[in-house]
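Below, chain A partners chain B and then partners chain C, in two separate complexes.
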Partner chain A sequence: MIHDFTYLKPGSLKEALAMYAEHDDCKVICGGQSLLIVMRQGMISPEYVLDIKHIKELDYIKFDPKDGLRIGATTTHREIEKSDVIKKNYPVLVEMERKLASVQVRNWGTIGGNLAHADSAGDPAPVLIALDAEITVGNKDGQRTMPLEDFFVDYFETVLQKGEIVLEVHVPAPAARSAAAYQKFNLLESDMGIVASAASVTLDENGACKDVRIVLGNAGPTPRRVKRAEELLKGKTYDEALFAEAGKIASEDCEPVSDIHASEEHRRHVLGVLTKRMLKKAWEQARG
Partner chain B sequence: MNKYTVINPHEPFRVINTHVRNIDGIAKVTGRAVYTFDVKLPGMLYGKILRSPHPHAKILKIDYSKALEIPGVMGVVTGKEDTLGVKQGIWRRYKDLCDEQILPVDKVRYIGEPVVAVAAITEEIAEKALDYIDVEYEVLPAVFEPMDAIKKDAPEIHEGFERNINVTRHIEWGDVEEAFEEADYIREDWFKCGGQAHMCMETRCAVSSYTPDGKLTIYHSNQSPYYMQALMAGVLGMREGDIRIISTYVGGGFGGKFELDGAIFCSAVLSIKLKRPVKIVYTREEDFIATKRRTPMYYYTRTGVKKDGTFCAREAKVFTNGGAYTGMGATALYLTGFFHSFPYKWKAYRYDGYRVYTNTLPSTSMRGFGAPQAMWCSEQQIEWIAADLGLDPIEMRRKNAHEEGTIIPGQATIASCGIQQCFDEIKKWIDSKGQLPPNRAIGISACGFMSGGIFNWFDTPYSFSSAVVTVNQDGTVELNVGAQEIGQGSNTTLAIICAETLGVKVEDVKVHSGDTDFNPADLGAWGSRQTLMAGNAVKMAAEDAKRQILEFAYAQSGLNIVYDLDIKDRWVHAIARPERGEDFVKVVRRAIRGKDGQRIVGRGYYTPHRKGMISPAYSYMLQAVEIEVDEETGKIRLCDSLTAHDCGQPINHLGLIGQLEGAFSMAAGYGYLEYMPFEDGKLMNPNLVDYKVIRATEMPPANIAEVDTYEPEGPYGAKEAGEGLTNPTAAAIGNALFRLFGIQIKECPIRAEMILKALKEKREKEQQGK
Partner chain C sequence: MEKKVVVLNVNGIDYELYINPKTLLVEAIRDYIGLTGTKRGCDTVSCGACTVLINGMSIKSCSVLAVQAEGYKITTIEGLEKNGKLAPIQEAFLDQGAYQCGFCAPGMIMSSQALLNENPNPTEWEIREGIEGNICRCTGYNSIVRAVQAVASGKYTEVKS
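Coming up: the complex of A and B.
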């Protein structure tokens, strides 16, 4: 059962950061859809829980055709899923959110909470990294911004320092002739991915690959790019054999574990299959 | 929206099979229903259980002195000091099968077994206290699989059980060798069937309250209050009548809640010791690791058929993983052998079952009671035999299927059977689907199930079911039953039978169940027994009350003796002249006056007699499941399904639909989702993140074609529904895979990797062939 803790409820972001700096053995809760599970299982039992879910300053979705998309940390999954501007400009994010757990979880869980929890099987991170997202984090003294792929350190570990929380995710404006796709492999549609693959493709005027990003989910301690496959594809034109080759590279350039849900071999195999399919899907959408 | 079609419906009733909402619905959806989980008594303590971390170990020493020093900790109980090693089991007639000390004295046999129970003023303190109890163990060698446990040098789990064989069961009829001689084709296969968690929404929980006058009241989540009362009396050395079990609302049972569990036992022992109410609620993890599960089985089956598809003989051998204790496993062992013959006629049949102790979570009854395993093996092998012989799998099944009057020698006589129409409906549905996309296929599977068990290993002197109907002066009716409502809708079904029989409306009937102080004994909700058995008892009680009312009506009416009276829709009337009648309430009021002011009380009971070995009646069904498979990843999706289903006369069709949909979800889970992996005796997924249960939003379509037949032994012709449908689905999924790819999967649940492996082997074989 969950052990007793002191519940802290700051009135503003400033107060939240001040409180977080003051309290040792403190966990930030922002929806709690992941945190409460690990607390319930007794894996962690913090003395303080700092709730920032209600902080309106961080609850926003902003889009500018030049600047791109900015999502505040306390924005819920459901808000992202239901956002017209995201649906129009980043449909892959909406597709991803629709299969992230159940409606009840999406109603309550937040994007900031999801990323800070750093579960390697989390859905948003691979998609956002494929979209070249940045993350802004901050504490009472200031803030810093970095590519999202640099945010994750290990299983359930990020670069967040003491007193630091996630503030915002920024996704660049979509390039012309670009598209992204994401699929996870699981047994039930709303489950965590046993493995997952995201791909984004940008084509040039001639239909050749100008830029491509491939990101694997639950294929190692953190979401991981498959740069060797990306290099293979750059400058090339549409070729299914090439996607298969990129898939093969993805199945090699990862370090998935074996567990009760799938063997390492099966995970590698499926990562290859999903990568091949996501490249094809994104490429075809980018082509229009 | 799922489709519900009725094939050859019977003449309409007034209440039966009309649109009756669940009579407990309002209490449940408004949150007023008080479950055991909600019970809070004055002065109540909270209990927690310290569990064995070892699969097999001697308990050398227990030191709880530090725990008692924690402020708020009120007391501790152990097997050695407080329960003295009393052994319990539900097979009361057979003492050697009563093998479980819920708080063991000297030895633990599985990870999660209770060792010490502690009570404190809060749940937090009780949990903390567990960390301050030192148990010294001597770890013993352990064994986890039945095929290892039967080896000569395997560790001995229970003293005196050679090769760890807990129970054996044998079923045989006909001359098996001779019948195999007649066969043109013989096929044999080995199968492996997984376990499954009952996964009740309400975990095991109990609140026990012992008072100094020697009375014990227990609120408990279970499927049979009478069993709990009798079993607790046995382990505590008390009289049944001094123990009251209250189980008004229960959040699911599925076969896992009619034996004693750690919550009821430990809370009661703590309460007796401390003279305060004690509540124990299992966490979800405890519910996974420390209750019981569906029985995993290794199945060998050999089947002989003639060229034209006529079944000759079958022989099966089964080794089940019994886990650490017997539970209801002995019954599951018999029933799997019996239902492995279903729903077909065999000239000769032989079954040998061995239940083997291992150092794992005990296995027991679970919805389907051995039959899902039996059908997983049988229905796939039959499909493969049809393919081997080039025969139509539906027609081959049809040709050999049971029919009205079929005698299963020494076991059963089939009095009603609608399976032929089930074949028609399924065939029509498959034809209507036309050409399927290349990654889809439909698999079928047939089965049948029992309508309550005949066996009395519990050794009860009471009728199997009893009911009391009391009619008040205003025409309202109290129905007291020992039958147990666990969410399956039995209160509603019994209220419908009562209202139909008595001639009143369903809203006139108040059902009282789940309290042993006020209701007659009844074996409870298991083995699909309540609609038929408790239904018959209710019908008899209502008829008794009705007869008393009509005696007064006859006396008053002055009608010629050749006329009969009846009551329908609260109207007492001559059957031949329905318009000549009188209001029910008026008649009842006078009848009560005539009884010197006593309310009208009718009694009913039912115990099966001369109905064979297993059950008074059998349901039949055929299911077709359409699946889609991702050939590259091995992922299965259930796209559509139809079950053609014969449960005799449906009593409560809304309840029936709910039961069939629920069973289908559980059956599909058994087929391809709900795996329970163990490592060195430790369950690896005791939580709802890692254990895969279909969620409501992902429920595959579950269409029903209800084939109405008439079962002479059932109330108004009714028989089993809701449990049997757990049986066919795993095999139907397997058969769809066989249709799609020609692969034969012999282990369930079917995992994606198994499919890919089978496809790979098939490709390699084809390569070699070239």
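Coming up: the complex of A and C.
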């Protein structure tokens, strides 16, 4: 049962940040697709709930060929999924969104809320980190921007301080000869991923690997880069044996849990397989 | 905790409610407004029995606060019929036997309607994706898919008022 709370509805972003600073024991609700579940489970029972769902200032998708993509925090998953400009320039984001929970959740849930909730099994974070995204957070006194991978601290924990909310996600413009791929492993399409792997690959003029980022989902408390495998691949040319080796490293350099959905051993195995496949897929797309 | 006055527009009618802000949309619809077609199933955003439309798009009313639904046009299963005639999707569900116990049907029909609102000619795969957020334990989904296909094929024409 959800505990009683006082509902706060600010009229603007400025008012929201002022209200958030003033109220202790306050949680921000946007789509609430994650928050209401943990409130119902009694995991949290805030005294105040601050609603920012209706704040249109943060509901935007902007793309510039030089600057890249900027997505406001209250943009829904469905808006991302249906955005032509995202489909054209970052197809992996659309593919990821299409598999995120169900249509109903995507219609109401938001990108900012998803990231702030910091569920290790969340879909957007590994993909966005693979795309080298930054996140901007702010309170009534100002803003700060950081690489998205530095935003996550632990299970359901981020660097957000009191009074701070997520404002924007920024993804750099896609580099030439680059592509990214993401896949999660689950038993039902609309379930949370048991594990997931995202890879982005950028090739040089000669088809050798110029840059690569591999990010695992639900393989530990936070989305996790596999830097040892990234180093292995840099400068190399297409080689399926290398992808298999990178997959093996991914299955080693992670700390998944055992739970009702899968054992740790199984998770490590699947992370290796997915990483191998995503590297191959991204590489082949980057090659064109 | 301070109760709130909330005006919800459900099936074209404004209802003024005086509710605890923690009231979920499904509770407002069933317990305050008294429209019990919308079902409360898992209560954890999984089963889709509570699906209603907000401005034509499907959401799960067990996971939206009623206060957040103010200002939107909410449509429940009761709002689909026009002038006493069932909507095409409802007729199609009957004709295809897309019910057994019937508990999922209101949510399943609303999801199907939302899909058809966005995509009047879905492929079979698009239909299956469109109802992925709704669980049915009886029909095996095939009759539901056939019902949506029947509407998309134009077999049922809208009743003009």
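The working rule: the second predicted complex is superposed on the first by the 288 of 288 C-alpha atoms of A that agree within 3 Å, B and C clash if a C-alpha of one lies under 4 Å from a C-alpha of the other, contacts with A are read in each partner's own complex, and residues count from 1 in each chain.
Assume a residue touches a chain if its C-beta (ideal position, glycine included) is under 8 Å from a C-beta of that chain, and two chains touch if they have at least 3 such contacts.
Nothing here was measured: the structure is a model prediction, and the numbers come from that model.
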Determine, for the superposed arrangement built on chain A, whether chain B and chain C clash or fit. clash
Could you tell me if A:Val273 is touching chain B, chain C, both of them or neither one (first, second, both, neither)? first
If you stack the two complexes on chain A, which partner ends up touching A:Ile260: first (chain B), second (chain C), both, or neither? first
Using the touch definition from the top, say if A:Trp283 reaches chain B (first), chain C (second), both or neither. neither
Could you tell me if A:His3 is touching chain B, chain C, both of them or neither one (first, second, both, neither)? both
Tell me which partner A:Ser190 touches in the superposition: chain B (first), chain C (second), both or neither. both
Partner chain in contact with A:Gln33 - chain B first, chain C second, else both or neither: second
Please indicate which partner A:Asp51 is in contact with in the superposed arrangement: first for chain B, second for chain C, both, or neither. second
Looking at the overlay, what does A:Phe243 touch: chain B (first), chain C (second), both, or neither? neither
Superposition on A: which chain B stretch among 150-158, 654-662 or 708-716 collides with chain C? 654-662
Would you please give the residues of chain A that touch chain B in one complex and also touch chain C in the other complex? 3-4, 37, 102-103, 189-190
Give the list of chain A residues in touch with chain B in this complex. 1, 3-4, 37, 41, 102-103, 185, 187-192, 260-263, 266, 269-270, 273-274
Which stretch or stretches of chain C touch chain A in the complex? 1-2, 4, 20-22, 24, 43-45, 48, 51, 54, 57-60, 63-65, 67-68, 71, 111, 114-115, 129-130, 132-134
Contacts from chain A onto chain C in the complex sit at residues 2-7, 9, 29, 32-33, 36-37, 40, 49, 51, 53-54, 78, 98, 101-105, 107-108, 189-190
Touch list for chain B against partner chain A, complex: 123-124, 127, 283, 285, 632-635, 672-673, 675, 677, 684-685, 687, 689-690, 692, 694-695, 697-698, 752-753, 756
